[in-house]
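Inspection log for the structure reproduced underneath, given as structure tokens.
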Amino acid sequence: MDRDDMNGIDGTEERDRHFIELDRVEKVFDVRKKTGFLRSERREVRAVDSISFTVARGEMVGYIGPNGAGKSTTIKMLTGILTPSGGRVRVAGIDPSRERTRLAHRIGVVFGQRTTLWWDLPLIDSYRLMHRMYRIPDARYRENLDRCVELLELGDLLDVPVRQLSLGQRMRGDIAAALLHDPEVLYLDEPTIGLDVISKAKVREFLRDLNTERGTTVLLTTHDLQDIEQVCRRVMVIDHGRLMYDGPIAGLHEVGDSERTLVVDLERELPPIEAAPARVVKVEGPRQWLAFPASESAAPLVARVAAEYPLVDLSVREPDIEAVIATMYAEQADRARRAGEAEEAVS
Amino acid sequence: MGTGRLYVAVAAGGFRRYATYRAATAAGVFTNTVFGFILAYTYIALWAEKPHLGGYDEAQALTYVWVGQAMFAVMVLGSNGFEADLIERIRTGDIAIDLYRPADLQAWWLAADTGRALFQLLGRGVFPMACGALFFDLALPTDLLTWAACLVAIALGTVVSFAIRYIVALCAFWLMDGAGAMQLTWLGGMFFSGMLLPLNVFPGALGELARLLPWSALLQAPADVLMGEADPLSTFAFQAGWAVVLLAVGRMIQSAATRRVVVQGG
Amino acid sequence: MAETEQVNETRATPGSHSSHGSRSPQEAYGEDLWPGPYGPYSRLRDGLRAYRMIAAMWIRSTMAYRASFAMTAFGNFAATSFDFLTILLMFSQVDELGGYSLPEVAFLYGVVGVAFGLTDLVIGSMDRLGSRVRDGTLDTLLVRPAPVLAQVAADKFALRRLGRIAQGLFVLGYAVAVLDIAWTPLKVLMVPMMVLSGAMIFGAVFVAGGAFQFVAQDASEVQNSFTYGGGTLLQYPPSIFAKELVRGVTFVVPLAFVNWVPALYVLGRPYPLDLPTWVAFTPPLVGAGCCVLAGLVWRAGLRSYRSTGS
């Protein structure tokens, strides 16, 4: 079935609902591994293994998974950088790999660790290049730039050479550069990696505003679960090239049943803190690590520890994605085993 | 750890560091071989026009071509050696850490550069030389003693090469940007080492001058020792003389630079 | 801030109809501003346009370090002068090389110098493609609405490379001034023809070499051996090289059409291989053919990159 053929009363609506569409998409790489001086072994790697999903126009979706899970490969297929080995990809009705340059006008891409800004030139020069390269009408350009400058607090930075910007400032600069041409979709690859807490918060807030005001569809890959929690309603988990989970963020915690960690710096070395249901998992001099269920608030625990022990400092660590996925795997296997047992019992 | 052992370890590190760039080494060997062929034909034409030019016969001229290609990386005549690293450390101020190390800065870098030279002698020197010997008639010695003498001349040549580049790198303490100084050194080295043409082919006073300058210790000296064109002992003396003078100058600049760092508070 | 009709209209729930929220570029820009169909001509125009814009950015970038620019421009001039210095040193000892006089060798040198210099100026950073593939920055070019070749060709555009062209022009001017030949209008016209078609041939080698780096990222040195090695080879008369080598650069990698084949006609000298006279006038065709081939190789390389992701 070809969705482009669906021209009914609700044709536009149908297209909006399937704004980004992947249908059994595969990406297979040939990997050569050196096994000897001149000998090498060829191996097929399925970086993306039959993934299907749709994203509606205006959704904000988190796309997470461990390193090498196939996240970047998916993004590269969605932006037209890579050609899929199988399956069908459509973004705004366009086949990315066949019409890369046409799609480029309608998407914005931010690569977290690779700036697209001009290193030795003032920030504004990079924006002027975008203005001309994307043929953005002057009025639109000025409007979009003003808006980005205001919301991303770039006013004082426009005349500063990019090499003098901090990592957080540069990232905000990069996000603005990706938005000047009014993209309908914004892909962000690790947009908060290496940023300090304040910069992270600014980036997240901006993304939320962008979505509410412009209805821009946002697809975000990240290592930081907080990015997802604060920005996205929907999260997709990918591992080994397969889609493991697709649903609301809350569901992920239920599935994952993960734990957060409270790191406590005490004034001096003390015996392990007692504060059930939290339990001490590690002690190193005056510093102690307490694990507690991710679904519970940290506040009562912090209050209790603060009341009973001489505190110097506190911090809460979020469960990392690897841990969540690991528990997810375990649960899945567990469920499959139980289902198998149940079937046996019935027969 | 004894100081000797320390510097051996540093040299081994330098060797290993360059040994990891396998693709770059292969590509460099390829480039040197291609240029060796082109130069060889131009030298054949030149010596056909004027046999015994500069006291070489054709076989010696061709030998000179391939020794030149083999020494290209060893003597750092075309690319960068350690000096780019050192300049970067000076620029970023990391040099202050190096200056407070118990090891001597100059000896440390000399050891590392010696390790690099040893690797490039094996990795980038042997193949072009063998290739030249395979396709052309070269004037190579048959006795081991001459080969050994050539190795000594190469070793002394690398020390002179190091000493020159060390001085240039330390100029970065006073210059904003070391790139210009490096480029000038490169140009000077290229011209006066005999990489373009053997120094004994240079006309008149220019040739006399070029043979007296330290750069002649890098390529001309080992080539002449290999071909029996120069007395090994006096060649060694010439090379060692320049090595001592340049290392001493480097030391003086180093202590001036150290004072500067100390004054500035690191 | 621009409070437009988007505000409050957009619901971010899946399936909501929010076409007000983000207009497609066609709607936003109006049909006449939209880049339009993607035919070969518009691709070429887009490519040249992107090239101009990126090259201008690089010029501005280098002007941030004026002193360094002056120094590297001079260095470029001096370094390329070394090749000619070698030839001068040779001619300080002999009167002829392979049967050619200094002005004749200077003529060969000047033509190849200017042709190579032009190519180096226009697409001199093709050899950086391999490192762009390795560090992943090529991907940032692939999401731009401009042909990748134009973006890669304009990469690190540097006016200091004018130093090489200037040096070639000096030598060529000297050669033309002192050469003792009967200049006909045809022979005069052949000089710019050689330079331009030579630049095309070198350009094809640069592009093909760049395309090869999609597959082998460390091949830039090999490419440099071909381009710089070829450039050095052509500075000398063909008579001094082995016949096999001359055949190779005539029929396999047709570098001989940069200067040897046409220049020997201008100089009134026989070509070492048995070629008919009219071949001397074919460099523009050879150049165009090489560019077409290089374009195909480039497309294959890019396609392979996009299917393998390196």
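As written, the chains take the letters A, B and C, and residue 1 is the first residue of each chain.
What we mean here is this: a contact is a pair of C-beta atoms (placed from the backbone, for glycine too) under 8 Å apart; a residue touches a chain by one contact, two chains touch by 3 or more.
What you are looking at is a predicted structure, and each value in this text was computed from that prediction instead of being measured.
The interface holding more C-beta pairs in contact, when A-C is weighed against B-C, is A-C. In terms of the distance between Cα centroids, subunit B is separated most widely from A.
Comparing per-chain C-alpha centres with the mean over every protein C-alpha atom, the closest match is chain C.
In whole angstrom, the spacing between the mean C-alpha positions of subunit A and subunit B is 51.
Inter-chain centre distance (subunit A to subunit C, centres taken as mean C-alpha positions): 40 Å. Inter-chain centre distance (subunit B to subunit C, centres taken as mean C-alpha positions): 33 Å.
Those residues of subunit C in touch with two or more other chains are numbered 65. Residue positions of subunit B in touch with at least two other chains are not found.
Chain contact summary for the complex, subunit C toward subunit A: residues 1-2, 6-7, 9-25, 28-30, 33, 35, 38, 46, 50, 53-54, 57, 60-62, 64-65, 135-137, 139-140, 142-147, 303, 306-309. Per the touch definition, subunit C reaches subunit B in the complex via residues 65, 67-68, 71-72, 75, 78-79, 82, 85-86, 89-90, 92-98, 218-222, 224-225, 229, 232-233, 236, 239-242, 245. For subunit B in complex with subunit C, the residues that touch the partner chain are 23-24, 27-28, 30-31, 34-35, 37-38, 41-42, 44-46, 49-50, 53-54, 177, 179-180, 183-184, 186-187, 190-191, 196-197, 201-203. Only residues 12-13, 16-17, 27, 29-30, 55-60, 73, 76, 79-83, 85, 92, 97, 99-102, 104-107, 109, 111, 114, 116, 118-121, 125, 129, 132-137, 140, 143, 146-147, 150-151, 161, 181-184, 211-217, 233-234 of subunit A touch subunit C when the two sit together in their complex.
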